[in-house]
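Same chain, two partners: subunit A is paired with subunit B first, then with subunit C.
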Partner chain A sequence: MNSKTTSLLGAALVLALALAGCGSGSSGSAGSSGSAGSTSGAGTTAAYDPDATIEIGSLYEPQNLDNTAGGGQGVTEAFNGNVYEGLFRLTDDGKVESLLAKDHTVSKDGLTYTFTLRDGVKFHSGKPLTSADVKYSIEKVIGPDSQSARKSSLTVIKSIDTPDDSTVKVKLSSKSISLVYNLSYVWIVNSQAKNLTTTEDGTGPYTLGEWKRGSALTLERFPGYWGTPATNKQVVFHYFTDATALNNALLTKAVDVVTSEQSPDALANFENSADYTINNGKSTTKLLLAFNDRKAPFDKVLVRKAITSAIDNKKLLSSIWGDYGTLIGSMVPPTDPWYEDLTSVNPYDPNLAKQELAQAGYANGFSFTLDTPNYDPHPTVATFVKSELAKVGITVNINVITADQWYTKVYKNHDFAATLQEHVNDRDVVWYGNPDFYWGYDNPQVTKWVEQAEQSDTAEGQTELLKKVNRQIAADAASDWLYLYPQIVVASSSLSGYPVNGLNSQFYAYGIKKSGGRG
Partner chain B sequence: MTAYLLRRTAFLVVSLFLAAVVLFLLLRLLPGDPANALLSVGASPEQVAAARHAIGTDRPLLQQFVSWLGEMARLDLGSSFVSTLPVGPEIAARLVVTVPLTLLSFLLAVVIAVPVGFVAAYRASTWYGSVLSALSQLGIAVPVFWVGMLLITVFALHLGVLPAGGFPQDDWADPGEALTSLTLPVVTIALVMSASLIRYVRSATLDVLGSDYLRTARALGSSFIGAMWRHGLRNAVVPVVSILGIELATTFLGAVVVESVFALPGLGTMLVKGFAQHDYPVIQGILVVSTFAVLVIGFAADLVQRLVDPRLRRSLGGRFPGDGA
Partner chain C sequence: MSAGRRRVSRRVPRSATLIAGCVLAGLVLAVAVVSFFWLPYAPDDTTGGRLMPPGLPHLLGTDKLGRDLLTQLMIGARVALEAGAGAVLIGGLVGLAGGLAAGFATRWLDDTLSALLDILIAFPTVLLAMLVTAAREASLGSAIIAIGLAMSAIVARLTRVLVKRVLAQDFITASRTSGTSWPRVVVEHVLPNIWPTLSVNLALQFGLAVLAEASLSYLGLGAPPPNASWGRMLQEAQASVFIAPAGVIAPGVLLVVLVVGVNLIADGVRDVADPTRRRTR
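Then we have the complex of A and B:
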């Protein structure tokens, strides 16, 4: 026994020494990671390393690699536009442009779209792109097994025909001006590809290198790409579960860029530093105080307006995000074509709020329960709302619930008085045209405008009608749109060409340039 | 000995089965529907129903349980609800991080705790004996993530000598690099763990130091070191070994937290994510594997105790290899 114990202790000592040794040995490699390459000045983008590796830090690891089978936000971030392409592309500033579709025509009745495919496009497996792949890909999104969150917006598609290899004819059951936009998030996949949850076969500028689950996903520049090749050779998405760990990685230069900062606390580390650039981009995520417009007292417009005027959104935003984020006063973010600044419709004015409450017959106030999701920032916001409304005589009972309870209680059963929720998608003002949606806003005029907008012949017509919708819901205070989240990308100053808005969670990496010298 | 081994093995199987039942039922008692976690806002009731059917949570509980047991009997841990990928291979891939992390932390904790605990006891009446004792008390109170963040701030952010987190993508292809990325996590867990271990070593040593047999050995002319080595150590080690088994299991718990702080792709981060997404197969798989590991560790600690303590062997009448004398 003596010998056993001593040998165990001995082994442990050797290990401890080995650990210590490795620790000190690492200093060289950790510090030198950024200094290879050409010798241009730090921060200049004129000279960049075309064979650079871009290290991207993110909190959103894909669940799997198929966006119709529950891949989630993570696979959109890593793959959209990078590995897979659609017929159209949604640019970082919210415009829709042709991608795999060379051009398209719309029949007079607006019910038939004919798309002509770009020539010379090949999948990563080498197979040329044909109309059959496009048909297969669209049907994959609208099929019965699809878990795509966008499935419902494509239900107008009645049939898809492929008269020849480069032509796709899509027939609709009713007119849909949004079709082209909606097709921008339908990935065109090789119809013969297998195992798309763990592999890929797209047409994008990158191929999948390796996906090490729980850790990182590597993309390699695709040499056979039909378009402009990527301005870097390799992209590695590093995945973190802890925001502090992610920021530490950026501080130690283990990553070059963080796709989306979720907490303003860490930004102090990067502010006033020449090594980093903080980009205050525009997100599409709105924080809503959503009323149940069906039920008293929130069935009264005046009550909703009073609450909207009683809450100081500016103070709320700055207490949560400091100088970041935007007030928009409606459901439409600035990257939607029908955006207007409507913050003045229901200005912050507690006295006005009191008058409106009195007019509505609630001079002595009332009390209601606020269903509050248990994750940030909702509980903090709920406390703020409670103290603001107390000033005008309204008592708020905060009821904290899980995301799952929210889904069942609020979203499905409409069993709530008011709730807090973030709405992440762009172009989602159209939900106010659906009286069955969880908030129960029912204005037949708005419903009609939303329908007409979708039936418009021109984008201008659509924009005009949705602007009307937006003004009307603001006038009715259908919900209280507390603020628009900031989209903050923090990057090493040696990077340029990265997306700053990240609409719909996408993160185009093909234009990112990394300058050689970092000083 | 054979009877003992058989008994222990039967105990292991029964415990594992009971653990499986409890695990399964507890998970189902949690509020929430995994199908909802799969889909985002905007999903239609039909999509939710389809998702529920696809993952099989629309079947009766007993049926789900029996089919899960059947899969386990075939050593198949099933597929994740969320990713649809098999759970077993992913657990295996993550053990490559978690097992070395746990074992190295454990060894380092022992290396720290044994001499420190001994000195704290042997010099209990001196000022540094008291300081060591107080420090270990403090160590027990400090949360493991805080130690991790402190070490990151000093060694990664300020000194820049060690990475703040992450693990090489090619795992152990370059052992030096892998060990480098495990250094801070290992030190974090070891520091916190050694704190409680020091207390055990200290009290075991104090017992021995006050014992009659040690005094007798000294009276018969043994040097202090000789008496400690020949009589003291083998007595002190018995309670320490039994506690080590439990400590090894708690090290795994520490790993769950530390993996998140250091962004390590281990079982801990996988478990946390599984819980967040109501991913029953993932949670069940990890907990079954770790329950099994804890039971096996307990078994091993039991064996080691018999190895070092002849009294245990004799009292149970068992014979043991190498027990000839």
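Then we have the complex of A and C:
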């Protein structure tokens, strides 16, 4: 097959297009123009239809429409930056820029942040944005009922004051260099809005049209938007439960773009066609073989290192993803500022693995149960892990469980020996500083570094400390980071301006252009 | 009816349907038996390369992980037959017991049991399997129990009707008045008379059970990996159907061969067991 050549060609094309996107993006000054300049992807100069409808195909339907009430990755994908906006925005290439905050100042001790809000911002209901809404929205995320993934990172917030309608003063209990970054995940919601699990009232370039559960969610361009209006009139997210059906929808042009491909094999349909563009973006999703570091035998560093060295991650990655994906050897993806390639720390070497096992007192191996989520790719990966570990004398019993069972058994009750799980967020290496996290990695030095990193005065200081954390967890083989997923967006060639990296599963739609005269 | 039963043994070899069925199902059985003694590769051997096309050294090619498809398929034959036999055993025994009880019951008890069976039949196998899986764990055993239970309701309803029909016959009354106990009536008269119809039905149920196991494994409710099951092979190969069709075609064809074979056997047995049907053909 010549799929390798074509995918290389595709990658080269993507690179060229991404560069073109950067060129056009840098012309608008950051944050001043609302929606322009934040998406990369194809930046062609061809005429586009400003009243086009963009049909987006996705596997992630929201559970509900509130990201503090367990809306899931689906609501982030559809709403983040499209319907709701934060004080700051995380761009598709991982930079943080001002959005609803015009600017901000930090006190000398680093404990007080003062944000000035942008003028003329209106919610979709027509009410103007005030500091009370910001206070309400932040408190909603850190409140006792919040299920937000960012809740724990924002608990440093001690109090929020609103001296006037356009000023918000946030006081912290300790310094937090990630505050601004974390605030980019806080949606600013109208403090008087109700029923936010089924409706919305945000400030973004789109309003919610209709949500047909189990099928589609429609966004309409908001005429009263404060910034640059969206380059399309309507966006429809079509939800699929099956990746094959989703790809077929793209083939039959029922959808224009697929937000995230889940198998390299379906790409064969699009690779040789001028009608489609395959974008190989940067992902933050890591697949982990997570040990329960509290329990024997995984409390021994040597055992964890042995398992890491016994599994051929390169072969695994090419089995699952063909020519796509990356090995990183740690928890830090290349888009994080503290990334380092650590694949050489525990190299694939079955003989070394056997020696390490013998040293740890397990010369004859042992057996353990691997709790395996029942959805792709976990069962296949578990099969591979079992076969690899059998070669060094370790017997793996695969126990297939549902996502709910995983949450209760593994995440909450820590009742497991080892498990497979994907971790989608960026900047999540800091979880290794929390000894109570499900994997139970407890190294006081690492905990201290993570704390110090958060309190550092400069980004450089933070980066230096988190690099140390990263090296230490790799040296301790705290988990086995099997591989970093690829992020593959396939789109009709008539589309441009869509995000290609989809960090944390966000998908900014407001810059998508569809060339006119669609047939 | 008992006359018909004697004809079965004499006519068996003459039914072409039956022979065709035996050949097809026997083929799968042979594959399963061979798999116990010989496999082309070790089941967990991942050295084959990703999605190799059929040829040499892998006759049917390999899967994503580089495992030999023929090896997986042969082990899958075992799983399919185990599932079919296990489910028929559970469904047959439970169904027969329930059906006999309902067959002998009268008035309100009969009505209640019939209603209960109707409800059980309406209960989807997949839902039942999910309940069993939640109570135990996802395994071939759980799948077999779920399929067997679902099947038992169907068997029980059929048994009930057959038993009632037999009980209404004069020779039962004669037997009872001459002092035969109910258990002896069941063994000597009821079972021999319902067996021809029941066995045909069980054969059909065997085929359905094989399909049901494949469906459950496809949904991840069957035998856990790395045990090969045709259903899971189908599921795993589905995404790559356009570039490696063998992964879908091979288990699909074997599934069809086995189910068609078993159904032909059932048809053949019914043909030879029922003289009126034979004459009309």
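Everything that follows uses one rule, which is that the second predicted complex is superposed on the first by the 471 of 519 C-alpha atoms of A that agree within 3 Å, B and C clash if a C-alpha of one lies under 4 Å from a C-alpha of the other, contacts with A are read in each partner's own complex, and residues count from 1 in each chain.
The rule we apply is simple: a contact is a pair of C-beta atoms (placed from the backbone, for glycine too) under 8 Å apart; a residue touches a chain by one contact, two chains touch by 3 or more.
Treat the numbers as computed from the prediction; the structure is a model and nothing was measured.
Shared-chain residue A:His238: touches subunit B; no touch with subunit C. Of the two partner chains placed by superposition, only subunit C is touched by A:Asp265; subunit B is not.
Considering which of subunit B and subunit C touches more of subunit A, the answer is B.
Of the two partner chains placed around the shared chain by superposition, subunit C is the only one that A:Ser319 touches, whereas subunit B remains out of contact.
Of the two partner chains placed by the overlay, only subunit B lies in contact with A:Gln63; subunit C stays clear of it. In the superposition on chain A, contact is made by A:Ser387 with subunit C only, not with subunit B. Once the two complexes are laid over each other on the shared chain, residue contacts for A:Gln147 go to subunit B alone; subunit C is not touched. Residue contacts after overlaying the shared chain place A:Ala296 against neither subunit B nor subunit C.
Shared contact residues of subunit A, touching subunit B in one structure and subunit C in the other: 1, 244.
Here subunit A touches subunit B in the complex through residues 1-2, 4-5, 9, 11-13, 15-16, 18-19, 22-27, 29-31, 63-64, 69-70, 72, 144-147, 149-152, 197-198, 210, 212-216, 218, 238-242, 244-246, 248-249, 251-252, 254, 402-405, 407-408, 411-412, 421, 423, 425, going by the rule given at the top.
Residues 44-46, 50-51, 64-66, 137-138, 220, 224-226, 232, 236, 238-244 of subunit C are the ones touching subunit A in the complex. Listing the residues of subunit B that touch subunit A in their complex gives 31-33, 36-45, 47, 50-51, 54, 80, 82-85, 90, 93-94, 104, 107-108, 110-111, 114, 149, 152, 156-157, 160-167, 169, 176-177, 179-180, 182-183, 186-187, 229, 233-234, 237, 260-263, 265-266, 269-270, 272-273, 277-278, 307-308. Chain contact summary for the complex, subunit A toward subunit C: residues 1, 3, 243-244, 262-263, 265-266, 268-269, 315, 318-320, 322, 372, 374-375, 379-380, 382-384, 386-388, 390, 398-401.
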